[in-house]
Structure formats: C-alpha cells, structure tokens
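Naming follows writing order (A, B, C, D and E), and every chain is counted from residue 1.
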Amino acid sequence: MRVGISKLLYKDKALFLAYDQGLEHGPTDFNAQNADPEFIFKLAFEGRFSAVACGPGVAEKYYEGVYRDVPLICKVNGKTSMAKINPISRQICSVDRAIKMGASAVGYTIYDGSPNEPTMFHEFGKVVEQAHDYGLPVVVWMYPRGPNIKELDNEVLAYSARIALELGADIVKLKFNDDIENLKWMVRCAGKTKIVISGGERVLPEQFLTEAQKVMGAGVLGMAVGRNVWQSDKPFSVAQALKSIVYEGKSALEAAQLVK
Amino acid sequence: MRVGISKLLYKDKALFLAYDQGLEHGPTDFNAQNADPEFIFKLAFEGRFSAVACGPGVAEKYYEGVYRDVPLICKVNGKTSMAKINPISRQICSVDRAIKMGASAVGYTIYDGSPNEPTMFHEFGKVVEQAHDYGLPVVVWMYPRGPNIKELDNEVLAYSARIALELGADIVKLKFNDDIENLKWMVRCAGKTKIVISGGERVLPEQFLTEAQKVMGAGVLGMAVGRNVWQSDKPFSVAQALKSIVYEGKSALEAAQLVK
Amino acid sequence: MRVGISKLLYKDKALFLAYDQGLEHGPTDFNAQNADPEFIFKLAFEGRFSAVACGPGVAEKYYEGVYRDVPLICKVNGKTSMAKINPISRQICSVDRAIKMGASAVGYTIYDGSPNEPTMFHEFGKVVEQAHDYGLPVVVWMYPRGPNIKELDNEVLAYSARIALELGADIVKLKFNDDIENLKWMVRCAGKTKIVISGGERVLPEQFLTEAQKVMGAGVLGMAVGRNVWQSDKPFSVAQALKSIVYEGKSALEAAQLVK
Amino acid sequence: MRVGISKLLYKDKALFLAYDQGLEHGPTDFNAQNADPEFIFKLAFEGRFSAVACGPGVAEKYYEGVYRDVPLICKVNGKTSMAKINPISRQICSVDRAIKMGASAVGYTIYDGSPNEPTMFHEFGKVVEQAHDYGLPVVVWMYPRGPNIKELDNEVLAYSARIALELGADIVKLKFNDDIENLKWMVRCAGKTKIVISGGERVLPEQFLTEAQKVMGAGVLGMAVGRNVWQSDKPFSVAQALKSIVYEGKSALEAAQLVK
Amino acid sequence: MRVGISKLLYKDKALFLAYDQGLEHGPTDFNAQNADPEFIFKLAFEGRFSAVACGPGVAEKYYEGVYRDVPLICKVNGKTSMAKINPISRQICSVDRAIKMGASAVGYTIYDGSPNEPTMFHEFGKVVEQAHDYGLPVVVWMYPRGPNIKELDNEVLAYSARIALELGADIVKLKFNDDIENLKWMVRCAGKTKIVISGGERVLPEQFLTEAQKVMGAGVLGMAVGRNVWQSDKPFSVAQALKSIVYEGKSALEAAQLVK
C-alpha cells in the first residue's frame, strides 16, 4: 500500500529545487534570469537536482523535453502574499491535472495552527488519497503560521513534523531553527515520513553550505532549496557544492571550494 | 442491518490502545520510545489489546505484518491543539481510504456543544452511513467542548452518551468523572451503543487500575487507553494488569501485582 | 406525482409517538424506563400509534421484529441543545439510509426565522425531492425560532403552516397556542399539507386530553406526542385515552376515564 | 441554442399570475379564498393568464387536471420575511423536480446588490444551464436589495434589467418606478431578455390599470400580477380588464368598464 | 499538453473587444447604440477584432450567424458594482455551457489581494483544467483589488502578471500604469502567458492610440479594449486606427489619420 519515494531521490537523498516563489512571494524574488522558468528547469537538469517543485502553470508551459528527466513535484495549492488574511492556501490544481502535466509527486502547503487549519487538513486528506491511489508520493510544506504561533519554536517544529506523518505525507518540508538536537527529535517524530529542510531566504554561501552539512548530519532526507541557489551569482556552482554535501556527504568546507 | 462490533472485542470486552495524541496534542506527549509507531503496534500486539486506534498516516506506514492481528480503528478526523478556534475536527481520511489501509472500524471525534457541532454532526452522518455500508463499526470520541460547556458534569456526560446512540455510533469513548452512579446512567442512556472509558492523562498506576475496576463494574464495554500505558516505565506490565481487570474481571489490587 | 400519507395514518388520523428528545434535549427528559428505546417501540406497538418518529441511531439499533408493524418516521436532521448558536439543524442521515433502516417517511426540523433558515431550506429541498422520488412522504417539524421571533404568535404559527405547504412537506408538526380560531386558519393556510399538533412538555393528563379534543375539532390530521405519554406514570393508559380522542372522536371527559 | 418563451405567452404577450407570496410574505396577504391554491389555479385558468408562478409545494399538490392548461413557472428558490439577515434566497427545488411537476419554466429571485449576491449569481448560473439544457426558459425576479441600495432609482432599475440579460435569463420581472422614459431604457438594456412588470402591493383598480397601460406602452412583454388580482373583491373582473390591456391593447379607461 | 491561443489572434497579435461592462459597471457605460449587443458584434466583425469577450447571456442570445467568424471569449464569472463587499466574482457559467454557446476561449476575473482570493484561486483552478481538457485557452482578467492594495504599483502589476503564469492562464489582461520599463518586466514575469493591456476608461483618441503604440512596443500580445472604442463617436474609425497599430505596427501618429 505504501507509495515509494525513490523516484524523487538520487543516491537515496533528496535535493529539490523549489520554484513556487513567483506565486507565494511575487517576482520581487526574481531577476531577469531566474524569472524565466526555463532557466530554472535547466538549472535543475544540469545541477542534477533529484526533483523540481513548481506550480501548475509553470509546469504546463515549461516542463518538457529533456527537463522531464528531472522528476516534477507539482504544488497543487497556493496563495499570494498580498491578501492580509488568516493563512490559507486552497487547492488550485487537481491531482489528475498534476498527472497530466507529468508530475511524479504532488506538493501541498499546510499552515498548521492557522484558524483555517481545518479547511487545509480536510482538503489535504483528499489530495493524499487521490495521489496515493495513482501511486504518487505527497510532499507537504508544513509551515506553522497564525496568531500566537512561534514558527521556529522547538515544540512547534516537532509538532509540525509529526502532523505530516499523522496525515499521511511521504515527505515533509520544514524549517531548521539551528537547534540540531531538536532536528534529530523532529526526525524521530516524523518517523517514516522523511524530512527535507527548507533553504529559506538567501544567505552567504558559506553559511548556507554549513547549514546543509548540519542538517544532513541530523539524518534528514535532504534539502529543498530555491533562492540560495537561483538568486546566487553562480547558481550552477552552488548547486555543485550542495550536491557534494547532500549526495556525497562532503563537508561544507570541501563543498565551498566548488563555489569558485 | 446492525453492524457487529465483535471483531473489536476480546472475551466480549474492549481494550483499545489509543495513539492519536501525536496529532491531537503534538509530540510533547512522547519520548524516544513511544514516538515510534512501531513500538505502539508491538505493544498493542504483545499486550493483547483488542484493537488499536490511530490516524491514517501512521496506519498506512506502520500497520503491517503481524501487527495486522490487532484490529485497527482508523481515526478519520483530527485537528491540532495549535489553533485557538472554536473546537472543530474535520474529516482527514475517507472511509474508503481507511478500508484500503486495513481498518476494521473507523473513529471520529465530535465536540458536542461546540458552535461547530452542526458541521461535525453532518459529516459524521455520512461517515456512519459509508462505514456501515461496508460493514465497518463506528467508534465515536464524544468530547463535550465549547464556551460554557462543563465537560465533566453529570448531565453533560449523560447527554454525550446519548448523542452517540442517536447518531448511530456503535461504540462511544467517554470520560469518567468518578461518579459511578452517573456512569451507570450513561450506560443506560447509550443503550445498544457501548461505552469505552477514556484513560486520559497519566496518573499513578494504582489510581489508574482502581479506576479501571470501577468503570468495568459499572457495565461499560471496556477502556480506551493511551498515555497511562505507553508513557509508563513498564508499558507491557501495565498492559498485563489492565487486561486482567478488563478481560478477566480481576480486582485492581490483584492487577497491581502484575506491575512489578 | 403526489406521495400518499395513508401509511402513516390509522382511521385516517395521525397519532405519532415522537422520540427524538434524547438528541434534541438530552436524557434529562428520561427515566430508566423511557430511556430505553425498546420500551418506546413497545409502547408505540401496543398503544396502536399510527407511526413512531426517532433518529437514525435509535432506529438502526432497535427498530426490528414486531415493532416494524408501526411505520417509522426517521428524523434525518438534528442538533443538541448544548451549543448556544443561531438555531440550525443539519442533515445527519441520508434518505437512502432512512430507507435502509425501514423508514416509511422522513422527518426534518426547520427553524423558520433563524438566520440559518436559508441553509435548512436548501437542504430540505433536496430531502423532499429524494424522499418523494422513493415514494416516501415528508414530515416537517416547523419551529419558528431566532432573534425577535415570537414562537406562539398567531401570525408566526400561520406563516409556519404555510411554509410547509410551499416547500412541499406532506405533514407539518406545529405547536398550538390555545387559539382555536387561529388553528383553523393554520389548517387553511397549510392546505393539502396536513397538520399534526405537537404534544410539548408534560402537563396534567386532563389538560393534555382537553387540548387533544380541541385541536382535533379544528380539523388537524392528528397529534405527535412524546413526553406527555412516555413520561406519564401510566403511559399505556394515556395512549388508550389519546387514541379514543384522535381515532374515535371521543371527548376528553370520556377519554379521561381510560386513565385509571 | 436559444430557448423559446412562446409557451409562456398569449398573443405574444405575458400575463403571469404570481402566487409565491405565501412563502415570501406569509399568509397575512391571504384571506380564506385566496389562501387556497385551487382558487388561484382556477383564476389563472378562467382568467386566461398566460402562465402561473408558484413554489414547488403548491405546484406538486395542486397543479393538476385542467389547470395544467395554464403553463407553470416553478419558483425554484425562496425565503421567508421572518429572518432579519442580508437578503438571500437559496434554491429549494431542483430543475429536475420542477420538470417532474410539469413546469414549463423555472423562476429564480436574485437580490442584486445584496452582500449575498455572489451566492445567488453562482447558483443562478447552474439553474439557467440546467433549465436551458431541458429547453425550459428562465424567468428571473430581479430585486435590488441590500444596504444602501435604493430599489427604485432609475440607474438601479436599468442595472437590474441588464443583469438579467448578462446572466442569461429569458424573462426578467422588475418593478416600475413610474418613470416611463426610464422603463424604455430598461427595455433597451435588457435587449432580448424580455421584461414583465411586477404588480406589487394592492392599489385602487383604476390606478393599477393605468399603470398597466403605461408599461405596455413602453414596450415590455407583459405583467406579473398577484395581489392586485387575487386580493380584489372581483378578481375575475380585474383579470378581464387586465387581459384587455395586455393582450388587446385596450386603454385603462376601456378596461375599467370591465371591473363592474 | 499546451493549449494553443492562435485562434484568438490575427497576424499573431490580439485585439479583443471587451463587452462585460453591462454586468460589471451597469448600463451607465452605455448609450442607445452600444447598449445593443448586436452593434458590438457588428463592430467586432467589421472592425476585424481578433476576438470578442462577453458574458454568457449576451453570447447565448446574440452570438450567431456571421458574427461567429469572430472568436468568442466567454466570461465565466462576474459580479455587479452594487454590493459593497470584499471583491469576489463567482462562476456564473460552466465551461460546458461556454462551449455550447460556441466559445473559443473562457475568461475569468481574479481580484488578487482580495480577502476572497482563495475562493477565486480555487474556482479558477477548476476552470483552467476543464477548459484545457477541451482544448480551450483561458484568458484571466487579473485585477489587484482589496484593502491596502495599490492597483497600479509596479510591484503589484508585476505580481499580477506572474500569478497568471503560475495558475496556468494562457493570456492575462492587465492594466498599464504608464511605466514602460515595468511593462517589459511584466512581460518577462508572465513568460509564456501572454499579456493584453486593458483599454480602461475612455480618454482622448490621441492619448489612447499613443498608449497602444507604447504597450505594443513593450512586447505585449495585444490589447483588450471596450469603452475607448464603443463609447467613441466614431467606433469603426477608432477600430481601424487601433488595428493599424496592433496588427501592422503603425505609429500612433499614422493611426490617428484614420480617425477622420
């Protein structure tokens, strides 16, 4: 019954290139180069990412040809950052539509702790069932958010990890609060649901690679990175460096050499 | 037409191991051992529990092999304790999906008295019909909750017992407020819908076993326990003790001998 | 096209035994005897009621054997009195499920005048269509309720009677405010939708029987009684007395002799 | 693709007898005679109305026999005047059910300008599609209503006329504010969606007939009248008078002779 | 998988005649001539527009005969300007119905930034999937709207352009804030989703044509115009002028000669 995630892995590790920021944050994250989805797919392909994640529109119009060698995680819900309302992200793409565009997995964001949590839990339950019925694994972006929610508290992060397991996700994308012991606890709480750590906002490459080494050492499945790669001046080099850490277990120091 | 509950019983009594706390409370309830669903299923199996209750994700990833000897009650709705909203728990798993994971019964939580009661009543009605159409019994977690609701009042508890019968549940999980006469009244109000008493927060083993003896004496079907077993230092021994009370009618004093 | 109601009548009159109080009011209405649905079905059978009305759970677990000689009206929506919200009663049982349990008719409560009226009107429309498609008549409990609604005003009661006709109910259960001329007007306003008068809270037998004689004289189809019968010390005798008025047109004085 | 409305016309004009007041206003509009739907159907038949409009319950129980010679417009949504909420009228009858009762057209009320306008627009869209798929024309009661809406403003009325065309109605029922030039503009704005003018509250027969002459002169399709006919002491005579204006183009003065 | 938009183009450019103002603004935008949809379709046909956009009712009743040579974009959602609520436009026409009326594409308005954004995103996702399954392209009217939203800010406009791509629209209708560099950035952000610029309120012909020349020079697909054409005294001449700019790349100065 269990749906395999191996198609999303390389050397049993996950290195996802995330590209849903155009919808979630708007093009302020972009420059002329990375605003172009084709560049991103090229980067995913040449950078040997184990999967690429984006929304339905980008996938339908750009995910083609050789880029299809990189497995696609279609984000099936989404929202903008414009509306100032209690966090909610509704489904914008059916599982069927994701399959039609060639997706190997579906992604869904849950704002756990939001007053709208019940709506997302309910919708997510259906997405998981439909995806698993087709043999597609499900990646959940688990982002604690809402009044009085402290997103980076140890307990909140561990709770988020556990929710992913409880609801049936196969992989959960979480933030890292720099507490390595808590991350190990999160790994335990998520159990057979595997954790990928979110890259987050752009930081210095050394800092980013150091974080990558840390989290891989804590036993996570991998990383889901976006801005730290495609906002970089040397995206292909950063990708190489990241690969050496995630896939080959190199140190951040060694990897940094690759960012010439 | 009536759906049998015998598959959830042993010696005509119910001893359910409840493990939905990871979603409902978060992993603060857990330690390294009991955070692992495999440990829980092992405990359910070796402890000869008459059924085990957990959410869809845990069941899909861990309910396999020999553990399938223990009948599964899949909790098909759920919520976290993070969002501070009027109590509501939406469906996160279809009855079909529960069957696919091998469930012998479905579980559903109703917060009776909540301003969201109508939504849960409506959803529960469909769950009962679908489950019964497949021959699956339904266990309802009936938790009075909401503004001005006194959860442990005699009247509120008896009302909750009755709602379970009225809505068509086969088994209802209720709290015990230590009033044995009221529990007997609850048993009458629930009629052919059988009551299992919730174990609740961890207390001293002696206290817990004494409560078990009391409630079994009042004519309930059994108990649904979690934290008092798997948070214990000696979970297997506590399970033995509990079994001797629930299945064999031993006294709390006799049973306590088994918690070496 | 019109669905017949004759199966719910005896000697062309309706005497319904109502037993939905366990859900609507809670077991405070009950004692050890009448908390047991079996007692109620026995009373309905031996008391020669023309139909018995209860919720899905009670029917599924108790409506069997010889009791099936009494036609069942399954109440397909319901709520508790615990939640302090604008009156709303959502569907808790499908028409299909009602049929599976052997129902001869479905019942539905509308709180006309409630801010939630539109939801109930919409849901009721579907219930009527489904029931009529199966040839099942529909009984509506029409209870004006909500901010600024005076439940027993003449105009409000007549409006409620008319709504039942307009929405397509076959029988409407209404309260009687002791104004016999207004009741006659209500009968006219309801037209081919027939009125049964609600028994309401328990009063002295003489008072209850006098009311029965009054309303029958105003041309209603019959009565839907509950607490005044099964809360009585002599429920079978009260039933006999009531039958003599409703079915045989006896006076309250004559009937009172039967309550020995 | 366009659905014909000829079945609702006589001599290419519309004279509808409206009888949804029992639900919309309550029986305060009625007396013993006109509370009886049979009287209304008789009046529609003998008065040679081109169609009669009523709700599903009235139609199902009274629209039969010779009365079927008068085409039926089934009002598929409705509300009472009891609940003090933002105007909303939800669907209470499916198009399928309307067809089963012999309807030749469906009617739907939209409160344009209400905060609930989106819900009614959405529901109406489905009603139009279903009705047209069966070849049934759609009559919309377009009533501007809501905070800050001035129901009889010229602009508001012209807007309402246009909405009916935009949404796909075949006929729109509108109020007349006594500005004949604006009514001509409304006729233009509605285009191929034809206007019938609402009779409204009862006024003196002379005043009513004068209005009828005025509006017919402005190029509307006809009138939808209720209270001014069936609340009259001489309903059949008023109907005769009205017919002479609507169908034969007589003057109000001539017509008034018929109200002996 | 990608749906072609060529059927909506002429010489690879888009010149859409927009005519949804009757619903969105009301007939205050109209005069006796342009209130008539037939005039608009004639203008679209003779003016050689590459497509015409209107709501379902107008299309069903007027889109016929030779006018069918002009491809139709059916606007499948809509609202009035009467209700003062948070911007929301619900679906009023199914994709199936649009196809039945001969539509070559569907149009949908999203108010991004509105508190109701989630509802529109969710609904739009289904519209896109259904339309694409039939091979119909989707045109989205992307109008940032809501509390604190500055509709013409550079960032807001670029965000809106990007949302259209992310959600899967084929063409997006946007406003132009007179910043040509930002428009070029919008074109990049929208990628393979092509931009048409909204004509907006009526301005002087010279100003309008100058704007047309500007936006075409920035690389957009074309323009969607309404009031600046059909409110003009010389609508056919303005159309000629516009065509020379959009299809043939003439300057505004040359084009202005055509508006005799």
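Here is the rule we use: a contact is a pair of C-beta atoms (placed from the backbone, for glycine too) under 8 Å apart; a residue touches a chain by one contact, two chains touch by 3 or more.
All values derive from a computational prediction rather than experimental measurement.
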{"item": "Minimal step count in the chain contact network, subunit B to subunit D", "value": "2"}
{"item": "Minimum number of chain-to-chain contact steps, subunit B to subunit C", "value": "1"}
{"item": "Approximate Å spacing (C-alpha centroids) for the pair subunit B, subunit E", "value": "57"}
{"item": "Between subunit B and subunit A, distance of the C-alpha-averaged centres to the nearest whole Å", "value": "35"}
{"item": "Subunit C residues counted as touching two or more neighbouring chains", "value": "none"}
{"item": "Subunit B-touching residues of subunit C, taken from the complex the two chains share", "value": "20, 22-23, 26-28, 30, 32, 35-37, 55-58, 60-62, 78-80, 82-85, 88-94, 96-97, 100-101"}
{"item": "Of subunit D, residues touching subunit E in the complex", "value": "1-2, 112-115, 117-119, 121-122, 124-126, 128-129, 132, 144, 146-149, 155-156, 158-159, 161-169, 185, 188-189, 191-193"}
